[in-house]
Amino acid sequence: MNELLKLVHGVVNWGMDTAESMNAGVLIDASVFYALMWVSVLAALGVVLCRNVVHSALLLTASFIGVGCLYIYMDSPFIGAVQFLVYGGAVAILIVMALMLTRRDDMAHSNLSRSLFCQAGAAVISGAFFLCISVASLMTQFREMSAELGDSVTGLADMMLTKYILPFEVAAVLLLIAMIGALVIAKGAHES
Amino acid sequence: MGFPILSTVLLAPLLMALVICFLPRESREQIRMLAAASMGVATCLTLYAYAAYDTAAGGMQFTERIPWVTDLGVSYSLGVDGISLPMLLLTDVIGLASVFSSWNIEKRAKEFFILLLVLITGVTGTFIACDLFIFLLCYEVVVIPIYIMVLIWGSTKRVSKEYSGMKLTIFLLMGSAFMLVGIVSLYLGAYPAGQRTFDIEALIMASQMGHMSMEFQILVFLLLLAGFGSLLSMFPFHSWSPDGYAGAPTAVSMIHAGVLKKIGGYGLIRLGLMVLPLGAKFWAPLIAGLAMINVMYAAYCAMVQKDLKYIIGYSSVSHMGYVLLGFAALNVVSISGAIANMVAHGIMASLFFSQIGYVYEKTHMRSIPDLKGLAHYFPRVTIGFMLAGLASVGLPGLIEFVPEVTIFMGTIGVYPFFAVLAIAGIVFTALYILRMLAKVLFGPKDEHFAQYEDQKGVEVLPLLLLGVFLIGFGVFPELLMSVIDSGVQPLTPLLAALSDVPTLLGGGL
Amino acid sequence: MMDIFSLSAVDILNWSVHIGLTHFLLLAALLFSIGLYGLLTRRGIIPTLMCVELMLNAANINLVAFNHYRPVTDFSGQLMAVFSIAVAASEVAIGIALAFRIYRERGSVNIDELNHMKG
Amino acid sequence: MSEFALTHAWLIPLLPALAFVVIGLFTRLNKKLSEAIAVSAISLSFLVSLCVLAAVIGGPVTMDNPFIQKALWAKMGTLELSMGVLIDPMTAMMLIVVTTVALLVQVYSIGYMEHDPGAGRFFAFLSLFASSMLGLVISVNFLQMYAFWELVGVCSYLLIGFYYYKISAREAAKKAFITTRIGDFGMLLGILLLQITFGTLDFMELKELVPAYIWISGTGFMTVVGLLLFIGPIGKSGQFPLHVWLPDAMEGPTPVSALIHAATMVVAGVYLVGRAYFIFSALPTVMNVIAWIGGFTAFFAATIAVTQRPFKRILAYSTISQLGYMMLALGVGSLTASMFHLMTHAFFKALMFLCAGAVIEAMNEEADIFKMGGLRHRMPTTFKCMTIGVLAIAGVPPFAGFFSKDMILAAAAEVSTPLYLLAAATAFMTAFYMARLLFVAFFGEVREDCPAHETNSYMKWPLVVLAVLAVLSGAWGHFAGFGEWVYYGTAAEEHIDFMIAGSSVVLTFIAFALAYEIYVAKRFSSYLISQRFGILYKLSYNKYYVDEFYTIVRNTFVDKLGAALYWFDLRVIDGMVNGLAKGVGCLSCVFTVLQNGQAQRYAAVFYCGVIALVAYSIFYAFRILQLLGGAY
């Protein structure tokens, strides 16, 4: 019983002396990060657990937006914008549209899950996975240093067009093919 | 030597199989004739080789050697010496007899004869190969045709033919797996990386130069024993042979009992004894013990069989026990007796199977309670049965007597207890053989068999062919023994050196 | 430098306040395992696709985080993220098209019926 | 001439063998031709053996330095198996006996087999038998003797089973072969032991080596070898434990019984002991065993013969009894007495069997003597020959039996009185059951339903010749000095011990009178006597239940054990093999669970793999880091 007391006492002292030593910026930073984190994590949980598949689609969008804000928090606005644009906009809407097209009877509990045993198994597997990755990441000592790289957009742009020109072109072609492919598949080749 | 005798003996059946492929399916007569012709050529050449073999010189004769895969040390080298020549003769004689005894196969005759000729080529290859690689190659060639022939032309009696075909093949393949491991370790252990070779003579030289340690020889011999033992239906691995024979068609069981089992014995002597003498000496008491069990156990099992082919299956397991006993005694007399016994049993078992095959072909009956009083309607088959039966009992004047007595003379000094029990086997063999002959051949007339006519024309040829050898080698054993003696004679220094080598459990009983 | 085995309460609180690379790694891992859980339990094709998207997102976070918190000289991490987003987008397009087509052929979107490729 | 005969003695077995081959392959269906070939072959052999006899009597050949010829048969390493010819007075005597009886039996069977379709086959087998018996007689080493020994066994198997459509015949043939085979097993062991200790099986070489070996290392090991060797003759000559096959062998045609089971094959055992006498005579314990087995078998068989009903079965038991006499003679150390009795017995026993054949054929296959009666009027010649035979075997003075039997009795008397008493009792019983046979079958009133008539000439003349031989052989042997001629060690001079001879003659006459009282004058009814003896009669009539005992032994030790082992083979060994196959089968079904088509199942398995990898790398993180050179 007394170790617990000692623990609480330690925490309280810590609270008081950091408050005056740390400037307000760090705390604000941390609170923004945690807010965004909880938004995206809870949204993701919602996607997975929610019964109504439309709700989960919307929560997916919320999660994408949360992640987008995190990108901005990590001061890489271009990726944040791309995230909002592509994921938040296109992908989420596409999924919702697909849901509407493949409507079946009652949407309320369309998001069926498998038997309890499979859920337990999946939970174990994903839990073990999370554990492994977190232990791995905690254990390794990264030499952290937030390098000031300056504006990411110009940096990205010249990298894309100079060093990584080939992947850039390939990505373009890929997107084109995906679009045509989607059309052909959705339309059904033999009807045309 | 100008004319490559051994290559022609090996390839004649194979080439004829190719020729038969292109013949139309209906021309059954031509196919049969061609098959018989090719086997005839092979047999005549073997007889010539047998006659021309110079027993005084001994060693490998009629050798041919063409380097094949040089960096692996593999060469297409054939050769025949005192041990393999009788086996080769056995193969060709039984091959010819099996072709004649499957003369009136109706169902898919073309495929049957192609597979039969491939099978005979494989078996011939194993005996005349002087190169382990060729030995293994030919051995694997043998297994596949047998499986197919049992499946298509087999007969379902106590056990379905699929089961017996499957069991037969899996046992042989498992055996050959052990053997392969043994041979590869031999290949690696004999010479350092540079001059590795598969040639048997070289391996023998290596073992004499002491390249292989005692433990190496003991372990590798055990592997070879498992391989060749299962082929030779040694006690724990014998359960495939009765089922295998019962399921197989006549020709296959003739070749199988007659020759395929002898590959095990030949391999044991050629690879086991010559290349791994220390291993052979170490495991000799175990082999002798198993051999004795082989003899008595199989004789007892044969006592209660109802099916003719099962009796011959168990009797061949029992006779292989004698061969193993002869081998285990590790002296010149008993080993030459073992080889002679292999030849004797080969001819005898194939004669038995050809006669049973004929009876089964005509009456579709093979179990002893159904068949009675065959002597009235099948005089020639009766002669066949009596000849084979009395030979397997060891009647002097027929082929089995001299080898059996030689094995006993060689073994009784080394393993008195095992030898006495094995010799007691001759009483039990007499019991089950005569009981079978009495029930099947003699007894009151049975009208049911009146409708079948006896062997005539080509069907008598197996009886004549094998009968000639059965009586010829029986009355004049020197014909067979002189060749075998010249093969086994070079072993005497090897065997003499073995006297002080440690053995399992400190020597047998 | 953090050695997680000799932690005391104070260090944890200090660590939690200063946002560093490991926070993002943990976040990404959490998102990824949630996506994985969804992938393994959802019956329908579209929900499965959604979970796959989640997992891809988690991967992108890692990319950007490493680029941000590591002493790198160029934006290769973010570039990789861009390309991965492109790929993910096309993947969703194709996925949806397939789902749509399967719905029309089979009449149902339930994954269990789609085991014709069974071994 | 005699030199030629000696050097070509190997012709004697070869000629009948050639006859067998010729008849077997070509003339089997033509009765007349095959008879001619067979008889001519055996008569040629008879002539050659006559020349051999002449050569032996005239020439230098004696028991101590026989004429030897050898040829290599098979050579393996140090072991050399050879075949050859060994002629000495004993061989010459045996040659004459075998060829004479074989010739007369073949002539007899021409008549006997007149309307039998298988006659060709019969003559082929007879020739084969004659050649193998002659081969056995002239063999030069143990292995050759063993080889022909087995060949003779097979011929008797073929001939007993000649009427193969009768189940009893084929069973009797099988029984004969198996029982003699058990004897052969023991003998083979003895031969093998001889081979590995002395390195040779040749009689002459062993003759020097064995006494030397015994002198050095005592009689322990050699007694074992001697006993093992003696097991062969027990089997072949129907001595006590292995005698069961001989009475059943009567299933074969009568000429066969006459030739094989009276004159030739069954004496092969006696001949072997005679030939290897240098081994046996040096081993007192073995001699004792031989004597007592012989004596006991004689007495035992005589007691059974007294109560038997079928004609040939009585003769069979009397043969076993007489063979017991010969073994007794050998056991007490007199080779001459045994060989002399062998010769005389061959003639009068063959005579009686042939008479039996004539009688049974005349009574169309009726063998029971109590159903015959008064045949002396219907078949006078057969009756006369049968009487001569009976008198000869009973040992009435002028006839053959008297001389040879009394020589045995005299030899037995010198060694041990219990044996002599046993032999004398057997002589009394022999006289009794022979007289019983004669009186019941030939005397009394003629039955109306009996179709008996005198036999045809082919069967009659051999009887007459044999009758003459039965009378003369005894006297000729005695007075011409059989002793100086066939002996072991020192030549035994002929003398008649009047005390023993007188007592045995008196016993014989008492037995005749007793038999006459019971069966002809019917003073005492045989039925009453058998009731009074009760148990003894029942035991004797059922042959002491030896056959039943053997059947039980065979059932338990062979059939049941075989079934048990076969069950073991099926269940355990096959079980293991099939079990292995099933095991592999269900091992595979464990993995099929992972491939059931559901995508999620594959994903789950995939991620398990990932987790395993990550976990592995965490535990060995440091080593991996060093590997990467810490470039993070």
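Labels for the chains are A, B, C and D, by order of writing; each one numbers its residues from 1.
The rule is simple: a residue touches a chain if its C-beta (ideal position, glycine included) is under 8 Å from a C-beta of that chain, and two chains touch if they have at least 3 such contacts.
Keep in mind that this is a model prediction, so the values were computed, not measured.
> Comparing A-D against C-D, which pair counts more contacting C-beta pairs?
Answer to which pair has more contacts is A-D.
> Could you tell me the distance, in whole angstrom, between the mean C-alpha positions of chain C and chain D?
98
> Chain A to chain D: how many Å between their CA centres?
It comes to 104 Å between the two C-alpha centres.
> Take the average of all CA coordinates in chain A, do the same for chain B, and state the distance between these two points in whole angstrom.
The mean C-alpha positions of chain A and chain B differ by 75 Å.
> Measuring centre to centre with CA averages, how many angstrom lie between chain A and chain C?
7
> Which residues does chain D have that touch at least 2 chains other than itself?
Within chain D, the residues that touch at least two other chains are 600, 604, 607.
> Where in chain C do residues touch at least two different other chains?
36, 39-41
> Spell out, as numbers or ranges, the residues of chain B touching 2 or more other chains.
none
> Using the definition of touching given at the top, classify the network of chains in this structure as line, ring, star, complete or other.
Looks like something else, not a line, ring, star or complete graph.
> What residues of chain C sit close enough to touch chain D in their complex?
36, 39-41, 111-112, 114-119
> Can you name the residues of chain A that touch chain D in the complex?
114, 118, 121-122, 125-126, 128-129, 132-133, 135-136, 139-140, 142-143
> Please name which positions on chain D make contact with chain B in the complex.
Within the complex, chain D touches chain B at residues 72-79, 81, 143, 146-148, 150-151, 154, 157, 161, 164-165, 167, 169-171, 173-174, 177-178, 181-182, 184-185, 188-189, 192-193, 195-196, 558-559, 561-563, 565-566, 569, 573-574, 577, 581.
> Over in the complex, which chain B residues touch chain D? Could you list them?
167, 170-171, 236, 238-240, 297, 300-305, 331-333, 336-337, 340, 373, 375-376, 390, 394-397, 401-402, 405-406, 408-410, 412-413, 419-420, 423-424, 426-428, 430-431, 434-435, 438, 441-445, 477-478, 481-482, 484-485, 488-489, 492
> Chain A touches which residues of chain C in the complex?
My answer: residues 1-2, 4, 8-10, 13-14, 16-27, 29-47, 49-51, 53-54, 57, 60-61, 64-65, 67-76, 78-79, 81-83, 85-94, 96-101, 103-104, 108-110.
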